[in-house]
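Several structures are given next for inspection.
Heads up, the next two complexes both have subunit A, just with different partners, subunit B and then subunit C.
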Partner chain A sequence: MLKNYFKIAIAVLKRRKFFTFISLFGISLTLTILMVATALADKMFNPGYPDYNQHRSLYVERIEIKNTKEGWVNMSNLSFYFFEHYVSRLKTVYKMAISSDQRSSNAYLNNKKLVIGYKYTNADYWNVLSYRFLEGKPYGEREIKSAERVAVISKKTKEAYFGDQKSVIGQYISADNINYRVIGVVDNVSGAVRNFAGDMYLPYTLAKDIKDTRLMGSYNAVLLGRTENDVPRMKKEFAQMVEKLPVPPDFNKIYCNADEFKTSVARRIAGDSTSNGITKVITVGGIFVLLFLLLPTMNLVNINITRIMERSSEIGVRKAFGASSKTLVYQFIVENLILTFIGGIIGVFLSLLVIYLINESDYISSFNLTMNLTVLFFSLITCFCFGLISGVYPAWRMSKLNIVKALKA
Partner chain B sequence: MYKHLFKLIWNKRRQNFLFLSEILISFLVVFAVFSYLTYYYKNYIKPLGFDYNRVWSVSYNGDRLSKNADSLGIFYTNLNKALQAMPEIEAVSFSSSNYPYSSSFISTGLTQGGKKFNNISDFNVGNDYQKVWSVKLVDGRWFTPEDLISKNKGIVINETFSKELFGTAKAAGKLIGDFDDKNKFKIIGVVNDFKANGDFLLANNVMFSQLDTTNLKWASTLLIKVRETAGAGFESKLYKFMATTMRSAVEIQHVDEMRNAKNKETIIPMLLFIIVAGFLIINVALGLFGVLWYNINKRKGEIGLRRAIGASGVSVSTQMVLESLILATISVLIGCFFAVQFPLLNVFDIASSVYLIAILLSVLFIYTLVIACSLYPGRQAAAIHPAVALHED
Partner chain C sequence: MMIRLKNIEKVYRTATVETLAINGINLDIAKGEFLSIMGPSGCGKSTLLNIMGLLDEPSKGDIKIDDQDIRSFSDKKLAHFRNEKLGFIFQSYHLINDLQVLDNVELPLLYRDSSAKERKALAAEALEKVGLSNRLKHFPTQLSGGQRQRVAIARAIVGRPQIILADEPTGNLDSAMGNEIMNILINLNKNEGTTIVMVTHDESMAQKTHRLVRLFDGSQVQ
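Coming up: the complex of A and B.
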């Protein structure tokens, strides 16, 4: 039966080449755009390297201090003191990676300027996050304690600063007129992974702002639990700790959240300290996708109706020989699904091309979009829905066709 | 004739319904695109009010400098002199961190005649700021060192803001209250509008005030206008000089590069939006073309009959094009009804003229699209030979 439908579908596709082209063009491009968008969203919510412990981590990056009477709000990253003094005492936190925001400094090499973005981190940063070391090793508690001027640099920095030397361990890199000894080189991190991207990583004891005892500062942290089950407990303990924080004068309320990764992204995009923004992201995203799909779907419905009406004599004959409306509707939906899947396959190839182009253009540094199974799975689902929606109405219209009229035409 | 066309359309209302809704949705998409583009274009053509070429910014951290206001003042004066003495430098000025394209924003409010004006960009600047950015004065004068000792602190505002405050009267010399109307500022000059947020974004009203000994510690940026001769060699020399003098991390940026980066933030989403919308429109155009073509093929008998009783080819193709135009008009009217709600309800804080231009452009665009898609099928209809068409039935 299905084999028969398949044969008919192919025959129909061959009959009117122009219509086939329009349908396939619309379907494949719509799906391409959706697939690339899914790949982007996937990258945003599952960035991968260097953060592979997402399932047992919580992310702390923002504090908001409010005066609810006057409506004053102060918002920023947190201070190193906050993490060292308050968060490190939490019992459920197994390890904590603290890092500063990215600051930039200039280096001048042979009359060429090089901008180096550097971050200060603690020693556990290297244990919580799985950076790939191409050579050398990270700095540990010993280097931190003695505030040694050592640096871990990225592959990109190595290439830009030292050229194509084989090993640079033990050499000196100068930033802000200070020489740091390179002790490790790590693989590049995509610029899209905001909190972990950097050109150079330095021990936090070299920073000048770690003594500041205010809550606001320029640091953020990843809290790692022992197991996945520790995460809710960690969250609870963190919230209790925030409740007890001393409120600065002139203010009356402190908000600070330890979020799972996906929540932290949603909060950054659409939320604020009191609402996590997940519903907003889903609603706005959903409405956008729906509106975007509406036009190609209507177009496809229009073309499908045209094509089906062209086949009215065939339908008339089948009806006259006793085919029920249900069978006919079923047949046309299957035919339409076949058409969408052909379009979908073209779409997959087109998206591979677009993704390749985006990666090549290097607009966001080291941004590696990939076409993984999740993206493919979502694409298949959209393909299916698209085919179903654009097939149902024309099929229903067709099944209502009057036999006598259809045969006469 | 039109009555007849309406009758034809009405008779096929069920088939036309989909056609109508497709054009309607396309109209709304096109309207969104044009509103977006018109908005940015209108901002883009407004003059900048300053010259960003050959301006460098040096950001530093002043934490390690003296906390004493007087010795800090002397330190800055000496630094200024040393920089002025460099042959590659044309002008130097200190500034708060919110200079043009810096992505840093400081705003304040002013009070005039009991009315509060909010969201005014507050630039804390040195005396030579005007020279660094080549800002043009419309009225009054720029700061001089003598202003520091006058009773009311002097400020310079932009032209549009001056008109909002005083209408056509001269603003220079007038007094104006600060955000809670406790102290008075004296307006000493008016400059051209200052589009500091980015070339595609709306210019805020601005207020320049002079850096004095009390707020000098908040200055964190040095703006330098260099001469043509300044290259990478000079930049590295300047960098070493600044890093040693400030005893802190220093970053030198070229403002023209910052401008490109800032504009990219607007251009990239805009390009993406245009690509997606463009693809939707091509999709719709092909669809319309196909459907019209098919409809005409189906009406061969009717057209053949018209031709047989003497209708010319031109009148047949005109009828086909007019039919689609009437359908388009119905959709466009419904679309306009929705589009007009945006300026009426003031959904986003955007001038109504933007929407009106966008509506006009979208109407034109939809008509062009429909005519383009129906011309060829119409011509084909005109070419139908009566004998062949009637023979088929």
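Coming up: the complex of A and C.
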């Protein structure tokens, strides 16, 4: 039976090539966009390297200080002081990776300017996050204490600054006319992993803003628990600590959250200090996907109705010879699924091409989008929904056709 | 009795007009009978045939086929009943041009519990009966009108139905081809005992059948 459906589906596709082209184009293009969008979202919510301890980590990125009576709000990253003075005292926090936002410096090579983005970090930054060291090692407490001018650089920076040299450990890199001794080279981190991507990492004791005792600053942190079970306890202890923070003059409330990774991303995209933004992200994302799918689906529904009505004689014959309405609905849905899966396969190849082009263009540095199993799974689900939604209505309409009318058409 | 029609009426209604297509037809057709229906265009021949074939519902009246009252049948049961008991031959063949001859003929068997191998064998056998065993892999568009109608006959008989309903089966064919098709139907009736009801405009074809029913303006006149 299925073989017969397949035969007729292919024959129908071949018969009206223009319709087939429009259908396949619609399906494959929509799927390509969805698949690339899913790959981007996947990269955003599951970044991988170098943050492999997400399951036992909390992320602290933002503080809001409010005067609820006047409606004043001050919002920013946090100060180094905040982490060192308050967070480091929490008992449930096993280790904490503190890093500054990315700042840029200029280096000049053969009269050519090279912009180097750098971050200040603490020593535990290298223990919490799993950077792949291609050579050398990270700086530790000793270098931090003595504020040594040492640097860990990315592979990309090494190649841009030092060229083809095999090893650059011990050599100096000059940024904003300050020389730093390279002690380690790490594999590139995708630019999408905003908090951890950088061209150069320096000991925080070299920064000028660490003495500032205000709560607001330009740092963020990852709090690591010993086990996954520590996460709720860390969260609770963190919230209790925030409650006790001294509120600056003219303000009456402080908000600061230690979030799981996905919540922290959602809060950054759509939330604020009191709402984590997950519902908003899911709702907006869902509406976007729905609308995006609805347009080609409606198009497919129309094309399918035309296609199916063209086959009214066949429908009449099948019904006359014993096909029930249910069997015919099943046949047309299967045929439509075959069409959408062909579109899906084309879509997968197109997506691979687009992902390859995005990666090659290096628009977002070291992005390395991948078509992983999650993306493929979502694509197949999307494909299935596509086939089902756009096939059910025309099939149902067709199955209600009166046999005599169908044969006369 | 193989087919029993009692006081059948068919009315077509539009917003402004009501047309009585069949008006109180009573007809009994015995098992193994070859009956032809004649009458001028628009007199309700095809409508009557469609009602007998359960392709259309009467507005009034009772139908019994093989002593079964089909009015209470669900869509699924009706489809199954058609598949088991009835075979159709249409004037314009109604073959599926996208499928090869063999696939066209096996179509009624798709809706039964039979294996692909079994289906192919039965379809090939039916095509052999109509003298087309050398055209299995052809597409309908590659055949002449007479050959297409023979494929349609093969499709109608492949499921071994007790009744064949033929709506002007020779209407689109020249007389030689028409005679050929008629001979196949006569042999089928004689050898297999299949009950055949045929609508025709051709008096000479009708004379070859056991009984002739004439319609005029939806009523039986003979």
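The definition used in the following text is that the second predicted complex is superposed on the first by the 409 of 409 C-alpha atoms of A that agree within 3 Å, B and C clash if a C-alpha of one lies under 4 Å from a C-alpha of the other, contacts with A are read in each partner's own complex, and residues count from 1 in each chain.
Here is the rule we use: a contact is a pair of C-beta atoms (placed from the backbone, for glycine too) under 8 Å apart; a residue touches a chain by one contact, two chains touch by 3 or more.
Keep in mind that what you see is a predicted model, and the values were worked out from it rather than measured.
J.: Sticking to the clash and touch definitions up top, decide whether subunit B and subunit C on subunit A clash or fit.
T.: fit
J.: Residues of subunit A touched by subunit B versus by subunit C: which partner has the larger set?
T.: B
J.: With both complexes superposed on chain A, which partner does A:105 reach: first (subunit B), second (subunit C), both or neither?
T.: first
J.: Just subunit B (first), just subunit C (second), both, or neither: which does A:325 touch?
T.: A:325: touches subunit C, not subunit B.
J.: Is A:15 in contact with subunit B, with subunit C, with both, or with neither (first, second, both, neither)?
T.: The second partner, subunit C, only.
J.: Applying the document's definition of touch, where does A:298 land relative to subunit B and subunit C: first, second, both, or neither?
T.: It touches subunit B, and subunit C stays clear.
J.: After the superposition on A, what does A:208 contact: first (subunit B), second (subunit C), both or neither?
T.: Only subunit B is touched by A:208; subunit C is not.
J.: For A:280, is the partner it touches subunit B (first), subunit C (second), both, or none of the two (neither)?
T.: neither
J.: Quick check for you: in the superposed arrangement, does A:33 touch first (subunit B), second (subunit C), both or neither?
T.: first
J.: Just to be sure I read the superposition right, which of the two partners does A:56 touch: subunit B = first, subunit C = second, or both, or neither?
T.: After superposition on chain A, A:56 lies in contact with neither partner.
J.: Which value, in Å, gives the least CA distance between subunit B and subunit C in the superposed three-chain arrangement?
T.: Minimum C-alpha separation, subunit B to subunit C: 11 Å.
J.: Would you tell me the residues on subunit A in contact with subunit B in one complex that are also in contact with subunit C in the other?
T.: No residue of subunit A touches both subunit B and subunit C.
J.: Under the definition above, what is the set of subunit A residues touching subunit C in their complex?
T.: By the definition above, subunit A touches subunit C via 1, 3-4, 7-8, 11-12, 15, 313-314, 316-327, 402-404, 407.
J.: In their shared complex, at which residues does subunit A touch subunit B?
T.: These residues of subunit A touch subunit B: 18-19, 22, 25-26, 29-30, 33, 103-106, 108, 111-113, 115, 176-177, 208, 292, 294-296, 298-303, 305-306, 309-310, 363.
J.: Contact residues on subunit B for subunit A in the complex?
T.: Against subunit A, subunit B makes touches at 15, 18-19, 21-22, 25-26, 29, 61, 63, 231-233, 235-236, 239-240, 243-244, 249-252, 268, 276, 279-280, 282-284, 286-287, 289-291, 294-295, 298.
J.: Using the touch rule from the top, collect the residues of subunit C that touch subunit A in their complex.
T.: The contact residues of subunit C facing subunit A are 50, 53, 55-56, 75-76, 79-80, 82-84, 86-88, 90, 94-96, 98-99, 103, 107-108, 110-112, 116, 155, 159.
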